[in-house]
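Note sheet for the following structure.
So that you can tell them apart, the chains are marked A, B, C and D in the order they are listed, and the count of residues begins at 1 in each.
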Amino acid sequence: MALKTREDYLEALRKLRPNIYKFGEMIEDVTTHPATKRTVESHALNYDAANDPELEDIYSTTSTFTGDKIFRWNSMMQSTDDLIGNMRMKRQNYRRTGSCTGAVCVGWNAMNVMWAVTSEIDKERGTDYQQRLRNWILAAQSKGLTVAGALTDAKGDRSLKPSQQPDPDTNLRITEVREDGIVIHGAKLMICGTAASQEIFLLPGSIYGESDQDFAIACVVPRDIEGLTIVEATRPSDRRELEDTADVETPDTGITQGWLLFEDVFVPKERVFMCKEYKYTAKFIQYFTANYRACIGACVSGQGDVMIGASVLMARLNGLSAKTFTDKLVNMSINNTITYGLGAGACALGFKHPSGSFFADSHTAHTNKVMVATLPYEVKRMTQEIGGGIVETGCMPSYKDFTNPQYGHLIQKCLKAGAGSAETRFKAARLSEWLTIGSGVPGCMHGGGSPDGAKLVVRFTTPLEEYANYARKIMNIQEEVIEPKKK
Amino acid sequence: MALKTREDYLEALRKLRPNIYKFGEMIEDVTTHPATKRTVESHALNYDAANDPELEDIYSTTSTFTGDKIFRWNSMMQSTDDLIGNMRMKRQNYRRTGSCTGAVCVGWNAMNVMWAVTSEIDKERGTDYQQRLRNWILAAQSKGLTVAGALTDAKGDRSLKPSQQPDPDTNLRITEVREDGIVIHGAKLMICGTAASQEIFLLPGSIYGESDQDFAIACVVPRDIEGLTIVEATRPSDRRELEDTADVETPDTGITQGWLLFEDVFVPKERVFMCKEYKYTAKFIQYFTANYRACIGACVSGQGDVMIGASVLMARLNGLSAKTFTDKLVNMSINNTITYGLGAGACALGFKHPSGSFFADSHTAHTNKVMVATLPYEVKRMTQEIGGGIVETGCMPSYKDFTNPQYGHLIQKCLKAGAGSAETRFKAARLSEWLTIGSGVPGCMHGGGSPDGAKLVVRFTTPLEEYANYARKIMNIQEEVIEPKKK
Amino acid sequence: MALKTREDYLEALRKLRPNIYKFGEMIEDVTTHPATKRTVESHALNYDAANDPELEDIYSTTSTFTGDKIFRWNSMMQSTDDLIGNMRMKRQNYRRTGSCTGAVCVGWNAMNVMWAVTSEIDKERGTDYQQRLRNWILAAQSKGLTVAGALTDAKGDRSLKPSQQPDPDTNLRITEVREDGIVIHGAKLMICGTAASQEIFLLPGSIYGESDQDFAIACVVPRDIEGLTIVEATRPSDRRELEDTADVETPDTGITQGWLLFEDVFVPKERVFMCKEYKYTAKFIQYFTANYRACIGACVSGQGDVMIGASVLMARLNGLSAKTFTDKLVNMSINNTITYGLGAGACALGFKHPSGSFFADSHTAHTNKVMVATLPYEVKRMTQEIGGGIVETGCMPSYKDFTNPQYGHLIQKCLKAGAGSAETRFKAARLSEWLTIGSGVPGCMHGGGSPDGAKLVVRFTTPLEEYANYARKIMNIQEEVIEPKKK
Amino acid sequence: MALKTREDYLEALRKLRPNIYKFGEMIEDVTTHPATKRTVESHALNYDAANDPELEDIYSTTSTFTGDKIFRWNSMMQSTDDLIGNMRMKRQNYRRTGSCTGAVCVGWNAMNVMWAVTSEIDKERGTDYQQRLRNWILAAQSKGLTVAGALTDAKGDRSLKPSQQPDPDTNLRITEVREDGIVIHGAKLMICGTAASQEIFLLPGSIYGESDQDFAIACVVPRDIEGLTIVEATRPSDRRELEDTADVETPDTGITQGWLLFEDVFVPKERVFMCKEYKYTAKFIQYFTANYRACIGACVSGQGDVMIGASVLMARLNGLSAKTFTDKLVNMSINNTITYGLGAGACALGFKHPSGSFFADSHTAHTNKVMVATLPYEVKRMTQEIGGGIVETGCMPSYKDFTNPQYGHLIQKCLKAGAGSAETRFKAARLSEWLTIGSGVPGCMHGGGSPDGAKLVVRFTTPLEEYANYARKIMNIQEEVIEPKKK
């Protein structure tokens, strides 16, 4: 069966019930509204790529279930190479869109992680979650779905557990278990790519104990399900997208994050893959973060590639050879390669779950998360350093001024410098600004959890006593050297 | 004579001819227009402070000419303490406005630097520039002026000198020298605080040789002088300032940068302090950058103080103790202190010019510039790390959504977390975003020149041969060790 | 056939002709002389490990030629997993010896790289190098040899090619090609593990052109071949090894580097695998550095593990809980994991050569080299920070003072602090000192080439134009933006 | 009265009772014994410099008591300029010796700090400590003494107070107060420059409470006082100093640290300046660390200057232009300037004590300590990077091998490269090794206390609530935002 096309995808999005809002107003059609059409375009490019002979290898693969050709982002990942395939696609996506295509990331990861987790639950509890999931995956592969994934709850007071919150709605929870499904209520926040998704995979936001079992949920819902209201977040520069000069001021691609507000939403049981089995949330988080934090290295390296490219453009447009900045460009490249290579290393050092799913090495993946939360900031700094003042400081007038009949010609004279026209320099400067402070990009810092959380994992996966014993043995220290007692 | 007040200042601004534009439209009154009123407010706070018994020590001093009490930003700086007084005021300004008050920075520095440079020109050339400057300074002190300063030209192709540019207007130049003054033409870009200034001190943008003598200009012009058109630059988040929710979405203070477009502007000779004396542009740049790059350490540390404060707020609003982040807060504080302390060190290691002006040590000041272009990026990163996702990723909806009658209450439920209300958390998150990626701040990277330029100075002020001789002497190496010949 | 044992190995070493010198004197027996017995012990541990059921998986594998069980360090590496097997063994070696076991590193890498290179030469030139190499490898596997490898020449003036050097002996060269073999002359320097090796694999030190064809050599020689004089280098702390207190002052393991001085050494042709085929030195260097610089990440991480362990000991011996230093220990662990994980990533992203050899990805491997030359310095700094003054500053008396009858008891009183005895604290402090400034370890900086060389590779493997085109495409920039012409 | 000369100084040292030991043996004459003559030479250079017209400005000044010309290291520091004078001398010392001259550092600081502390004690307690101190200072100025200073106790278990230690001798304490003086017992460790000192200023090692009052001691003792045994610590490379090749293997200058073992030492009361007044130990520590940690920036920058110089030599000796490494040399220079300039900034931001003493700003000084414990490690790394393998890895044979009649000529051929002779390259390589891993230098890490201690001060001197209020005010947040209550 032929892969779905961009047109199929846009058509499917247009059929969804409008339930997305921004700046207080409803968005009728996400494929054309200026607030959402860029993230839709980013995802539509995936359909183009999968149907493009040059890129299909990156964007498609073979179903382990049916043997059919399917979109890679709907596939099972069962080896190091499959995980690296995920990374290759992510890096390529950033290179083509400058940003995140979040609706082919978390959902994809979720279905692979839940494949393993459901096998564990089923085995111990006699449930049939994996069969339900299998059915859903088969449908997703066949329909070529784009599926966002949602972990992060509103959380409320960070020092309290979900069940202790004054307002129970700060975390998504099950309010009713019925014969035919469950009713859920609460919020998931900052969900990437929601506006471009057809469905949303809902996941546990943390590790839960028994008292928080109502929050142990995994299920998939259509993006336009009854009872779900979505509000798009705003970024510093996104009002530029609403103006008639948007074509010059901002890329055609981009990402948005949604706040998902659930009010008594019914999810039929065939779409539910975890229902209060809180004990398995630990495994879920472990597997999910391992793969997520290994592969995110590809995202920041892909965006870093574009920052290198934008810097090369800016150097030349300023009248300088890119060679002038060789040292900085090499350092940018090194930073990109650290997160990509370390991610690939986590994939290579991973392990195969009995269910068939393959998971990256946790210790290495969480180390990578710390790098992902650090190195891109340096790459951004270097992008601003190479680009010059008009990139860094909010120091360039708007395109409305650029074309103003009274003084626009003077602005244009000021902007013409080295290679290329004044307009090209305008656009390139806007790109570097957007990549570094326009924030057209979700966070490498907190996306998928904070670096401090990653450090906790690093701490617990570093065997201090074993290492101390290596030291003792090398120096022939016979004596035990133990922790001091509390005094 | 009493110091001028906020009201005097605002009144003076209102009397100026409207010649500032943004988004293609003219700004009638800079004190009330949403695009400029924030930078005006930042500067008005200086008048408040100088008249406030608690702060007057920082904001006022005594005229070395008249013995009158004057605004510190109109004073001569003739000692280490005077320079550190400049730094104290800058840091305080950032702490109260979160950003730059550029119209009490470059102009102030300029008059002190030109005091020394004019004495050198006068001595060798028999001119009377210093007397002209003295008269202007006396008037500025008496009127309590706020004076922007403008160095940066449009530049054009960075690989060509001003006189070689295809378009001569890419650098501000003298097109005619008349008996009663000069005519100038061209552009100065990214000039901080223009909209809040009463006058603008125009300065040489680089070191010029004989063929570029037409570009060797120093003079002061009223901000609304005939022939001058000013276009305000735009920043990623500044369209928020134009909306009716601006009070919540953005601070009341801020900075803007202007592009100054000069078309045959006549400057009377009593306001001209350098006219084609290209030989002195080297000294000008040396003195100017020494003081500027020493004192800029105070700016980034003051903004860093606010980032620490905003991070303390965010931690608590998220439900966590600020103590959780002690390590990061200490590292932020260390970074702030490096730039402030290193700036103070440059002031302490400076020298007194025969004219009375005091200049910071160049080597130390340029080293500080490199730090100023590096460390604040780390402070910003840590601000985002402590603040969480709603600070970092453009992950929070607009205030229009926050108050939406249909779903606003759900947004508010999501935003209420630890200490404080949902609205306070909204505002604090916007502040951290603004401080880090909203770009309500001019550049520590390129403001006052690039860090690569600073490294050039560091290179030439590091005596490699002397250091090599220390090494030889310590190791009793008698032999000369010289550079290899070209092969 | 059973694997060789420690005893077999020591016996083999003892049979070699004494041709190693240190401090001006000949070393009769490397297995007992205090200057060499530590590096021999480090390598003897490999034989123990390969015969130890718990570790044999790391230290042994199956011959691709014979199916026999062989030492891993004599094996062909033909997949990602084989390369990671190399890394696992390296890390384990550092954990058990605190240092390098250089005689199972370069030689091993050499035979795999030359397997590919000889196949290329043979194919194009009709030679039989691969067959010769195959025979030698079979013998090495069968005899369980420990084989050092030697690339680095004395080089002479770095700005001249080998053939341009005033002294031709600064690079190892072929002085005569005979029917039955070749005669070589010159020097290879800083060769790790020479004293512990049975044979030495000699390799081209650089990429050579036609005029330097005499320097294009690959061959294997017995360590005690006629005409070869070896002088051991000295390290800051190695005189401690010669004293009767050595057991307490220094580990039982260690590494030494030798200077190999060749004077008209004849190598029979069956041991020669490259003879003036200069064109293939480029491939050799490419393949060699890719695998070497990927795997070296395991070395520095293994040593870093020991530094973590030593720091845990020191904390406790000082009277503090290791928990006090959690943040630093985590950062040390992160640094270790970056070089290990990035190395594994390079292995995962590598490629299979038609000959069967597998090579790591060059771009990633060279990025890792830059990290390897940077991060361990931070780990060392943290080791000194945790350890306290007696670790850092050469601030602890000798063991002779520790046991002095007059005042030794006072020293011992001073050294007793928290957990453990005064002597244990003495030994642990010496270990941390040795790991950080005693230099009982070859260089992560220049071993296998300089980081600046690695940056050159990073530069040439970063496709700047491709990246610039991504940027153009994202911003819809139609215009070409090309490098400026020279002016 | 003429300043003392090198000869006077050496003569005075020779007259002292031999009470210093190393490697288990007594040192008869510190001025000639190879283990101590290098640190004596370093200090003798101070006498030369003070009598040298070119340097006397740095090394001498005028007594505030008598108006006589005195050694700067015996002077009172009563202004920013005096403190910067201390820094200038420290930097110059490092440039001339490559290392520390510890006997003109802590003692000098001590007398200035105790000048202020004794005035506080005297004022509140009616004692006459300051008069005693005045008398001693006058004598020190007149005799031109070189005076070491000793803070660091053996400490014992870091988690226990001095009075809680199982062994009371782990901290120096008063065991008896007599009419005519005090008796002290215990140990001070790692005391720089002891072997070169004539007297030693003993100081409280920490802040003490009432139960630890016996440890609150300040006094001065002759270096050879009865009951004091001194054991010299050992450094990795110091056995080289004992060999007959020492002239080539190591500099003529250097530093050593001593362990001071006090057994019932009687100190007459006129040399006692604090006796159990524990309340003032807090002030002592505050003042002492402020000046010490400001000025130590000069030490590491001075050593950094030599590392730059040594790197220039090595580049050329390797056959490369120093220009090849401009970027690294500039970064080294920047690091040096940060610690020097930040120290100068702390001096400029300091305050004058009512007693006349001047103290650097604590917050800035402790920030500098953190830099001092970080940046030199980078400078060392770059020194190794520029120098090449023979500098880094313990990869060069000994001078005994260099001159060996059998193969020495071959070693020499290997060492001759670019500019200069083989022997010069040998010596320069040893210098870079000594500067970076030979550890001929006391610690920038723990000298004067640990960086973690400095961070504690930074933390308490950063006004978080004030900064939070700036943030609130900028964003018009009316609500208080307070720390969460414990839950």
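We take it that a residue touches a chain if its C-beta (ideal position, glycine included) is under 8 Å from a C-beta of that chain, and two chains touch if they have at least 3 such contacts.
Here the structure is a predicted model, which is why all the values come from computation and not from measurement.
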* With chain B gone and nothing shifted, sort the other chains into their touching clusters. => one piece
* Greatest separation from chain B - chain, by CA centre -> C
* **Contact-pair overlap exceeding half with A-B, pair selected from C-D, B-C or B-D** => C-D
* Rounded Å distance between chain A and chain C, as computed from the means of their C-alpha atoms -> 40
* Asked: Counting in whole Å, what is the centre-to-centre distance of chain A and chain D, each centre being its mean C-alpha position?
  -> 52
* Structure fact -> Where chain D touches two or more other chains at once, the residues are 157, 159-160, 319-320, 418, 484
* Mind listing the chain B positions that touch chain A in their complex? => 21-24, 152, 154-160, 167, 169-170, 187, 189-190, 229, 231-240, 257, 259, 261, 263, 318-320, 373-374, 377-378, 380-381, 384-385, 388-390, 392-398, 400-401, 403-404, 406-407, 410-411, 413-418, 433-434, 437-443, 445-447, 450-452
* Which part of chain C faces chain A closely enough to touch in the complex? -> 80, 84, 95-98, 247, 251-253, 305-306, 308-310, 312-313, 316-317, 319-323, 326, 329-330, 333-334, 337-338, 340-349, 361, 363-364, 367-368, 370-371, 418-421, 424, 427-428, 430-431, 455, 458-459, 462, 464-477, 479, 481-484
* List of chain D residues in touch with chain A within their complex -> 157, 159-160, 327, 484, 487
